[in-house]
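Chain nomenclature is as follows: A, B, C and D, assigned in order of appearance, with residue numbering initiated at 1 for each chain independently.
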Amino acid sequence: MQYVKNLPTYMVQRYLGWKATTYAENKAWYRRLADEGQRPRAMIISCCDSRVHVTSIFGADEGEFFIHRNIANLVPPFTQDGDHHGTSAAVEYAVTALKVAHVVVLGHSNCGGIKGCHDMCAGLAPELEEKSSFIGRWMDIMRPGYDRISSLPEDQRTRALEKEAVLVSLENLMTFPFVQSAVEDGSLSLHGLWNDIGDGSLHQYAPQSGTFVPV
Amino acid sequence: MQYVKNLPTYMVQRYLGWKATTYAENKAWYRRLADEGQRPRAMIISCCDSRVHVTSIFGADEGEFFIHRNIANLVPPFTQDGDHHGTSAAVEYAVTALKVAHVVVLGHSNCGGIKGCHDMCAGLAPELEEKSSFIGRWMDIMRPGYDRISSLPEDQRTRALEKEAVLVSLENLMTFPFVQSAVEDGSLSLHGLWNDIGDGSLHQYAPQSGTFVPV
Amino acid sequence: MQYVKNLPTYMVQRYLGWKATTYAENKAWYRRLADEGQRPRAMIISCCDSRVHVTSIFGADEGEFFIHRNIANLVPPFTQDGDHHGTSAAVEYAVTALKVAHVVVLGHSNCGGIKGCHDMCAGLAPELEEKSSFIGRWMDIMRPGYDRISSLPEDQRTRALEKEAVLVSLENLMTFPFVQSAVEDGSLSLHGLWNDIGDGSLHQYAPQSGTFVPV
Amino acid sequence: MQYVKNLPTYMVQRYLGWKATTYAENKAWYRRLADEGQRPRAMIISCCDSRVHVTSIFGADEGEFFIHRNIANLVPPFTQDGDHHGTSAAVEYAVTALKVAHVVVLGHSNCGGIKGCHDMCAGLAPELEEKSSFIGRWMDIMRPGYDRISSLPEDQRTRALEKEAVLVSLENLMTFPFVQSAVEDGSLSLHGLWNDIGDGSLHQYAPQSGTFVPV
């Protein structure tokens, strides 16, 4: 595997700084986490986007949040075909093995994946419609969401679609039998958030009004 | 969607604290990140485990790292079957759209996913072998890695398998044509890491020796 | 004192968030509290248990409640032997110096201290009976309470003992001359509560019925 | 026990508000905490003072911090005389049963207990020197601290004594064999803090300089 290279110096230096500070200050807690295992209270499903720092936004300590990050924070519908389903496996592990009390779907503004999804669904990105496009096929999960916002004025569509991505994921979460039963017996609650990267605001889905309202 | 609940108070309070400090101090940068889009220098593929804080270990600034997190930091082999492949989509987006310079696979100690994989491959966890187990099917990606460590003394196997998970993912990354070509033309480099949660040490795969050595 | 370490980073970050929000919004009030001193209306005697947030349950504002927390929210009987009595000192300070109008004893479900007390009194935890066990000697305060519930069916005992802990503490409070006189002249009233952590219910001791009834 | 009264209406109303919001939003987590027990990462030893909200300052979620509060956040020296030692019992439970990773002693400004201690040690409060004074006898724990600051200008003494209270408690903590061994094997770390109520600043004891420095 000669194609594997050494870590860039700046990453090594930052790691060494972390080891001498954050780790050193928290050593006893890291040791306990290693010995006793994790016991996160919540799972957060977020985007891979480099601008969204889940642990920073929620002042997370090591061990608090089980975090799955994929393109556009999507959850596919329940499909037991024996294939590799990374997101479904993460949800299954969090809910059935870790028994988290909360699953939070965190969407965000200016999402490149959602923009691509919009263009694909609007027929503006034929390359994403090809079977060979992993991004396109992942974004197919969002097609039901697109149908709900396609009649909006064009300048409102992508932002609306970013919020629909959160709702589609929440709806799909409920198609997993173990999620539905945990929600019904009160041992699990679901939450939907959307973060505006530019102004730092956080909005949550309010079932009462059926809209996203500022936190 | 009456099953969606409001965010717990402590998360709201922490968010408000973040907004008034980290965001307020970085406002201009967040604005620019929103207007100009992200331009991450590296993609990091890590585990969902709540004990591994990628952004903390590497002192990440918003916008620096495109982070995909799944169970056991796995990358499946290149398979163009038109299905939803979240990890493949994330790799495709990072390499072809964002053109990251590095892809880092970060494994860790005490990984519950790897432990389950070991037990499944050793025939000790029949429930994970069922077609209906998302965790088991996701772990199938690791079977080639298990074959390489199955002859080791039992107490060394899971730790060895945690490192194999990093190597299997690196090998699978190279099965993606766009990854291979980027690596070959020098525009992308791959890196393999393993973090010991308990003692905070970080080890990287050294192609020279074919082993993991402390950073 | 080289054994003293720096505060973990996540606690520093959360403090800075608090400073920039809760403190900043209440600055004038904090200033006044510092200049004029506290003037709490009530003292609350609660357990150290991390699951019982007195300030959250009663929406406490800074300056409202003088809170003493110890294992199993116990008050020892009045004993003037010149030793260090932290709980007695707290009660003396609250009643004679701060002249609080209420003293509330707040018990709770799933209390580890009460469980240990039950096992010790039932002869199931010899290690707690040793003179060297601080927990055991502290739990001796509860022995009169155990005698009152020891004849109950086993599965009802610890919950009953949790409520007895509240009553024993209230009885012991009345053995303090300054408490008794304040109660008799109507300047102080005593209250007994028990919180069920799991279902969030709060029960108070009703002297009319001599039982705990839901609030 | 006719002297026990019903809870004041405003406390009942606030509790009902908490039940309908904070509890309802967090129901699944509360249930899990009740079923699985607490697993706090840190013990915080704070003052009963109504102006110091530990959970607010550190954005605590239920289950995070095991909190003992007494007058002037004091820890008495290790004394195994078979008497009731509430603080020693709390430390023993946190370190040996809960195995917390951190013990934080949090002092604060304008502390009435420390002021009384200063006056007593300076011979200005004979009533606190009487054997019958619980406050005085509790404050005896601080006498070694007073000796270290008695030569300072009078207007600096009480503030200096507030910080000495933190140091005396840290020193006394180390006289407990189970604390010392946990600190020595790296499974426990100690921290000393002092909060200025008026300006909201937080200072921590820095062993390097032997002084308290702003966080």
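Please note the rule applied: a residue touches a chain if its C-beta (ideal position, glycine included) is under 8 Å from a C-beta of that chain, and two chains touch if they have at least 3 such contacts.
On a predicted model such as this, the values are computed, not experimentally measured, just so you know.
Undergrad: From the centre of subunit C, which other chain's Cα mean sits the farthest off?
TA: Measuring from the centre of subunit C, the most distant chain centre belongs to B.
Undergrad: Taking each chain's centre as the mean of its CA atoms, how far is subunit C from subunit D in angstrom?
TA: Here subunit C and subunit D have centroids separated by 14 Å.
Undergrad: Subunit B to subunit C: how many Å between their CA centres?
TA: Roughly 45 Å separates the two chain centres.
Undergrad: Counting only Cα atoms for the centres, state how far subunit B is from subunit D in Å.
TA: Here subunit B and subunit D have centroids separated by 41 Å.
Undergrad: Would you pick out the residues of subunit D that each touch at least 2 other chains?
TA: In subunit D, residues 22, 24-27, 29, 31, 59-64, 102, 189 touch at least two other chains, as defined above.
Undergrad: Name the shape of the chain contact graph, picking from line, ring, star, complete and other.
TA: The chain contacts form a complete graph, every chain touching every other.
Undergrad: Across the complex, what residues on subunit D touch subunit A?
TA: So the residues of subunit D touching subunit A come out as 25-29, 31-32, 36, 39, 41-42, 59, 61, 63-64, 99, 101-102, 186-189.
Undergrad: So in the complex, which bits of subunit D are touching subunit C?
TA: For this pair, the touching residues of subunit D are 1-8, 11-12, 14-19, 22-24, 27, 30-31, 33-35, 37-38, 40, 43, 48-53, 55-60, 62-71, 74, 76, 80, 82-94, 97, 102, 104, 109-110, 112-113, 131-135, 137-141, 167, 170-171, 174, 183, 189-193, 196-202, 204-207, 210, 215.
Undergrad: Mind pulling up the subunit B residues that touch subunit C in the complex?
TA: My answer: residues 9, 13-14, 16-18, 20-22, 24, 56.
Undergrad: Write out the stretch or stretches of subunit A touching subunit C in their complex.
TA: Its residues touching subunit C are 21-22, 24-26, 29, 59-62.
Undergrad: Where on subunit C is subunit A touching in the complex?
TA: 5-10, 13-14, 17
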